[in-house]
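I have placed the structure first, in the form of structure tokens, so that the comments after it can refer back to it.
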Amino acid sequence: MGWVITMQIRLAGFGGQGVILAGVILGDAAAIEGLNVIQTQDYGSQSRGGHSIADLIISKDPIYDLIVTKADVLLALAQLGYESTKESLREGGLLIVDTELVQPDKEFTGAPFTRIAEEEVGLALTVNMVALGYLVAKTNVVKKESVEEAIRRRVPKGTEEINLKAFRIGYEEGTK
Amino acid sequence: MRKEVLIGGFGGQGVILSSVILGRAAAVYEALYSVQTQAYGPQSRGGASKAEVVISDELIDYPKALNPDYAVLLSQQAYEKYLSLVKEGGIVIVEKDLIPNRNEELEKNFKVYVIPFTKLAEESTGLSLTMNILTLGFLVKLTGIVSEDAIEKAVLDSIPKGTEHLNLKALKKGFELGEKALKGEL
Amino acid sequence: MRYPFPVGAVDFIQGDEAIARAAILAGCRFYAGYPITPASEIFEAMSIYMPLVDGVSIQMEDEIGSIAAVIGASWAGAKSMTATSGPGFSLMMENLGYAIMTETPLVLVNVQRSGPSTGQPTLAAQGDLMQAIWGTHGDHSLIVLTPATVQEAFDMTIKAFNLAEKYRTPVILLTDAEVGHMRERVYAPHPDELELIYRKLPANEEEANYPFGDIHGDLVPPMPVFGKGHHTYVTGLTHDEKGRPKTVQSEIHEKLIKRIVEKIEKNKKDIVDYEAYELEDAEIVIISFGIVARSAMRAVKELRKKGIKAGLLKLNVLWPFDFELIERIAERVEKIYVVEMNLGQLYHMVKEGANGKAPVELIPKIGGEIHTPKEIIERIKDNLRWG
Amino acid sequence: MIIRGDEPEQIRLLKKLYPKGNYFMQGDEAIAYGALFAGCRFYAGYPITPASEIAETMARELPKLKGYYIQMEDEIGSIAAVIGASWTGFKSMTATSGPGFSLMQENLGYAIFTETPLVLVDVQRSGPSTGQATKGAQGDFFQARWGPHGDHPIIAISSTSVEDSFWETIRAFSLSEKFRIPVLVLADGIIGHTREQIKIPDPTEVEIVYRKLPTSDEEAKYPFGDVHGDLIPPMPLFGHGYFTHVTGSTHKENGLRDVYTPEVHDRLVRRLHKKIELHKTEIQKWEEYYIEDAEILLVSWGVSARPSLGAVMKGRKKGIKVGLFVPKTVHPFPGERIKELSKNVQLIIVPEMNLGQVILEVQRFVRDEVPVIGVNKIGGVPLTVEEILKEIESSAERSRHRSAD
Amino acid sequence: MAKEIYTKYKMAKYLRKEALPTALCPGCGGGTVLNAFANAIDQLGIDPRDLVVVSGIGCSAWIASPYFLADTLHTTHGRAIAYATGVKVGLPDKKVVVISGDGDLAGIGGNHLIHAARRNIDITVILVNNFIYGMTGGQVAPTTPFGAITTTSPYRNVEHPLNIAETVTSAGASYVARWTTFHVYQLIESIKRALSVKGFALVEAISQCPVQFGRRNRMKTPTEMLRWFQKNSVPLSKARNMSPNELEGKIVVGELVNREKPEFTEELNSLIEEVSEHYGLGDNNAD
Amino acid sequence: MYLKSSYEIRDKYLRKDMLPTIFCPGCGIGAVLQYTLRAIDDLGLNQDEVVWVSGIGCSSRVPGYVNFDGLHTTHGRALAFATGIKMANPDLKVIAFMGDGDAAAIGGNHLIHAIRRNLDITVILINNFTYGMTGGQVAPTTPKGLRGTTAPYGSFENPFDIAELAVAAGANYVARWSVFNYLQGINSIKKALQKEGFTLVEFLSPCPISFGRRNKLKTAPELIKWYQKLSVPISKAKEMSPEELKGKVIIGEFIDRDRPSLVKEYEAYKKRAKKAMRWEE
């Protein structure tokens, strides 16, 4: 999927899936490339288990909106997240889901990110990186290398390698 | 009818209490309107003390004394500060022993009564503290601003239990003096 | 019922004392406070009266605690009040917002003194007007009354309780050190003569389920007080009609806050109160409130004597503000003067209300002494001479 | 030792810790970094959403710069500690949100009255009361003006983006130090939690202002006197042997209290007001976009200014003559400039995230000139370009009809 | 009279003359406390330039601020210790002293008091406890004895007084002592020790307010009140062997605690050193 | 003792439309809530006459979940609100459910003064050593050296001992347990609820997300072990030296006494007033 000037991306899941960190890394990657980007989030007051949404607007032009008005891309990692955000996906937008955790009622693409994280990466917590890799591969919104740089900057010290691994596995999955 | 009364002295002379009694007599026992206000100064304890009462038969707008019709001045400081505010032809009551330096030129504009109230209070009741009530009696009798009956009731409302006799004695002494003043016998 | 002060009779008392007595007559049975000049006399009177009428008067550890206790007591079913002055009023701002958000009826008396900060504790001012309206954070509305005489302090305290109960809202009685400390003739009606309003209670279990819902179409929900088996949940978080916290749904927030604001705005006609003096043919109008309205009244009388067609609009309610009333007046007068004991607060609202229809000029004063009529007259005459 | 932030050692640390370049960070963090670059070396705070990130950044970074972060027992204590530290010579700051801001009002009044420089950041959230803690709003505009009791002046500024937050925080410190007055930064939870790129400058590129100190013992005797004729007294810091007395009661030029003399109060409070009035042009700041031929003028501030600008640009593309005015200093409100602009426009639209606050301020200045309408939204979701554009378009439509009549 | 005081009274050099006479009522214990404080400063040889005195609101807040000739910060009600915290962190080498009343420090300001004690910040607090809100006209305080009459407990106080010294001890202060204005010399000694201790130090000085408290509680004159202090004071050593019943209405005097504990500003500064080291920010690492 | 199943307790006392709770997995608040409800159930308290009050924070969300009258107030002020409720209607039993930041940081003054007055109230205090809801900032209870987001290099302040403070301020009943001491916990709450005057039961409660995660105490088993190491029963503590007790938290019953409560004192006060006025003999 090519993109022209502005892309609005929404990542949705529940607290604890690392959705917001994935959003931050994607935003950072865009910033590294010198693109305009704003990243916001919305979450329940609980730290775990509530809804969790990360929004990004990435653009070659200056950005004036502060929220995703119509998402070009929606990544849903949980049914709860999907239900509360599906209306925001624009007509013909790209829907990416964790195919084992979300049952969408419209056209979609995706993979069992959580299972991949568990089985192939060896750490369920890296589901966010797997999904991010997949999204980047599908959208080409930023370069793979920029995301890898952002991952090195943003994840806790000592976990860089496993997160990079997860991202790359997801990216591979996305290019299939 | 709007009458303004200013009472000035120092802390401990009962300035505020006498203004409250006067206001109360008018409001509660004469069915008049009255406002009582007092100034808070830096030396509220032992320093200067000033109170004002405005009495009227109609709703009182401005609540403070603009040009007092009657002034009761009980200290040198009060005398110097407030005498010039009194309305031309107004009545000024002066505590003789406490105000040694007087402005005779200025006093010509007013009817001035100079009386040693503190000494008289001590003589008649044995307690100089009753000076404020005595002075009040004098003011009321002299000006008729409220009735004797009203002020007597208001005094009884306002003083500590057990001191009724003394205070009434002081009040009556004030009336007597006022009577004399009216007759020009002072 | 026995009262510890004369009722159906005239008395000669301070404004602070009048507020305390009126509160007792209005049915206030809970008072919490903290000492502060010049509001302490209200508290002291409450301390004497409350235990005698089987009410509670308690001194809290600070002003924050005082208004908190008052809100708690209101939910326990009691008509409640606290009183303070500038610094304490500032401290109460957070919990005042809580009372607005939870629609808790209460009366908060601010006996204004000269600020900012500790300022001049014993001297009067009218500097907290805008704070009373805007002091707490977020969009909100409430009711602000202001008395000019001790009798008005008495009457408006009763009115404050009635409005608080009727509209389930905090009501601020914005008085000042001058009215608070002056003594005046006051008529305290016998309780039988009084029309007292008590909050609407839920008529049935179904109504009690919606403590924050507009179930009667009048924007004021019945209040299910504690201890009646309603199991009401009250929160300062954004909540739905049942009172359940809903902190992320913007529609629910919008609906709640709009109702709270409209509840006051739409009932403006019922709440707003003012006195017009010599306004019919006035060419010059003074708009004023509280203690200095009395100076302004005197000034108008003097100006009339001099043949100047002056009039006075004395505002008794400062919020909700009747902008349209000001505009109507502005349309037919030559000039409006705003007389207030601050550096310009009511002035801003009058200016907005006047809508450019008449020039508005401020006659301010600060420092603790009220305007003398002369000061007002001279300023106006000066303008007439030069303008 | 007081750390002013502009010593060579501090410049060295800043360069080392935050090399010049592009960063991707939240508005809250940008405020914290702005404070660090402005020379703020004392922070006292208390946790509250959505301002906690400022405290967390300060807690992490200040010790590296030999500055002090302390967490107090509540917001009242936080601003109190900040005032205390300011009198020892530190540039000091605290940050909070609605409920905490309400709690700080009394001591904010104290700081205003004692002319204590400090920066207070209110990351506005949706109120009243606890409201929606994680949601942004612009509902504290009037509270910022009128929150503490009594007559008082205030300076409040509001930024429109993450990068703007960095620079406006620096400006807040400069104004505060220069005019010896607390300066409020009216941030909000949306920008506060939004991440975007920001260019961090070299510390030498940042202009830092430090309060005027007394140059002689004689000057130090009048901590509250207009000794230089500019209405701003030099500030005799504690610990220099000046024996300064500071009180929140009404005080004379020498700092001693006098709470009974009306003239003393009048003189002091009027000087505080005049101090701001006199230097208004220096304090006020605004931005103007496409106003030369504008027929419709948008006045928008803070977080709403950005979608407003987007809407103006889209409107222009559609041939609507629309312009935008963005007050960056919101108190004292630059109403005179809006009044000037209003003479050439047919309508003013005020988009903001509350039920109508800045609109009242605009109306106060221009109500007799042009109609003013609001675009208001509450509930925590920012206004969008489309929403504002819709209002511009229908207004343009209406005025076209009107002129056709 | 005033002139005579200035020439003969040794401590006059510590007073801010243009602020005199004080606003304290005749017979108030505040003067005794001021005198004790000045003597302590004098005996320790502390230069007033190394002193910052902070106070809140109330009669006792005025004892040293403005009357003591040092940097003096007169703040808002109850918040003196929070202001002082900022001052101490900014000026760790100066002596920061808070002198204020019971209502101010333990009523509205109770939270700042216990938290400062917990932090053990190096501030000396002289808490003048006169059992009442004197300045506002004699309202009940959290220290008012059970059963005492005040303007807001006209039928006798129903609340129990807060044991300030004990509460501050359990909150973690380094030094806590309690004396009355009857025990002038002990008071001076305790203030000296409090000023010398590194950490949070509280000296609770029970003091007489004949005008607002004594008058309503059958002790119109200062001497009656001082006699009451004398009669009711129990030394700590003796109090330890007394039952709660026996101690009812007594004033326990003495040093409650004097211990070494980590101090706040020291901990804060050593943290900064550690961080600086950890990140290699020291001078020797200059790029 | 027959223990009802937690389903029975839940069905009887919780507001179903409010579930699930916002509490994170591994959080101790749910357990303490259950103990409190069991105590209420065992005592057979009338659900209509109990009011729950709270401030702000995770623990303060509890009154929303229980089917009682509940007042969720402003930060730190719960006990001041409660004073109004109790004094205006003494027939109500008032429970304050509070966190450590709420009760002992911002609300510390209301705490010590409510205790001093001996206000009739039972405080259930969840001490999780942190500000959980705002993301794990350091609290006045955080043990020295442990981390919070605003103490990224480890807290350098001395922590409060809340229970000890409550005893010094004059409470009628004070006990402290860890959430793992469930029987002692329930019994203490029952005792507290039956007493007049101020009663406080403090629970050391895990916050694995905001506190544990930063301090290598991520899982419940790790926390249990830590609490076991941290806590010393009061009987044992009496025999230990201050050196040995350094860094430990004492658990057990600290005080159990019957000083007259505020409600009682105020009733007597009203009588006294009427007597003074000669309204009553």
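By written order: A, B, C, D, E and F. Residues from 1 in each chain.
Quick note on the criterion: contacts are C-beta pairs under 8 Å (C-beta built on N, C-alpha and C of every residue); 3 or more make two chains touch, one makes a residue touch a chain.
What you see is a predicted model; the values in this text were computed from it and never measured.
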Of all other chains, the one whose Cα centre sits farthest from chain C: A
Chain whose mean Cα position lies farthest from chain F: B
Length of the line joining the C-alpha centres of chain A and chain C, rounded to whole Å: 53
Chain B and chain C, separation of their C-alpha mean positions in angstrom: 36
Euclidean distance of C-alpha centroids - chain D vs chain F, Å: 40
Inter-centroid spacing, chain F versus chain B (mean Cα positions, whole Å): 62
Of all residues in chain F, the ones touching two or more other chains: 74, 105-106, 108-109, 113, 133, 135, 140, 153, 266, 269, 272-273
Junction residues of chain A, two or more chains touched: 42, 44-45
Two or more partner chains touched - positions in chain C: 48, 51, 61-62, 64, 87, 94, 98, 117-118, 122-123, 235-237, 247-248
Footprint of chain C on chain F - complex, ascending: 15, 17-18, 47-49, 51, 53, 61, 63-64, 67-74, 77, 80-89, 91-92, 109-110, 113, 266, 269-270, 272-274, 277, 279
Chain E - residues contacting chain C, complex: 57, 76-78, 103, 107-108, 110, 133, 135-137, 139-140, 142, 151-155
Chain D contact footprint on chain A (complex, rising order): 24, 27-28, 31-32, 34, 36-43, 45, 63-67, 69
List of chain E residues in touch with chain F within their complex: 107-111, 114-115, 118-120, 142, 154-156, 158-163, 166-167, 169-172, 261-262, 264, 267-268, 270-271, 274-275, 278
Interfacial residue positions of chain C with respect to chain D in the complex: 64, 86-87, 89-91, 93-94, 96-98, 100-102, 112, 114-123, 125, 127-128, 130-131, 133-140, 235-238, 247-254, 257-258, 261, 342-343, 345, 348, 351-352, 355-357, 366-369
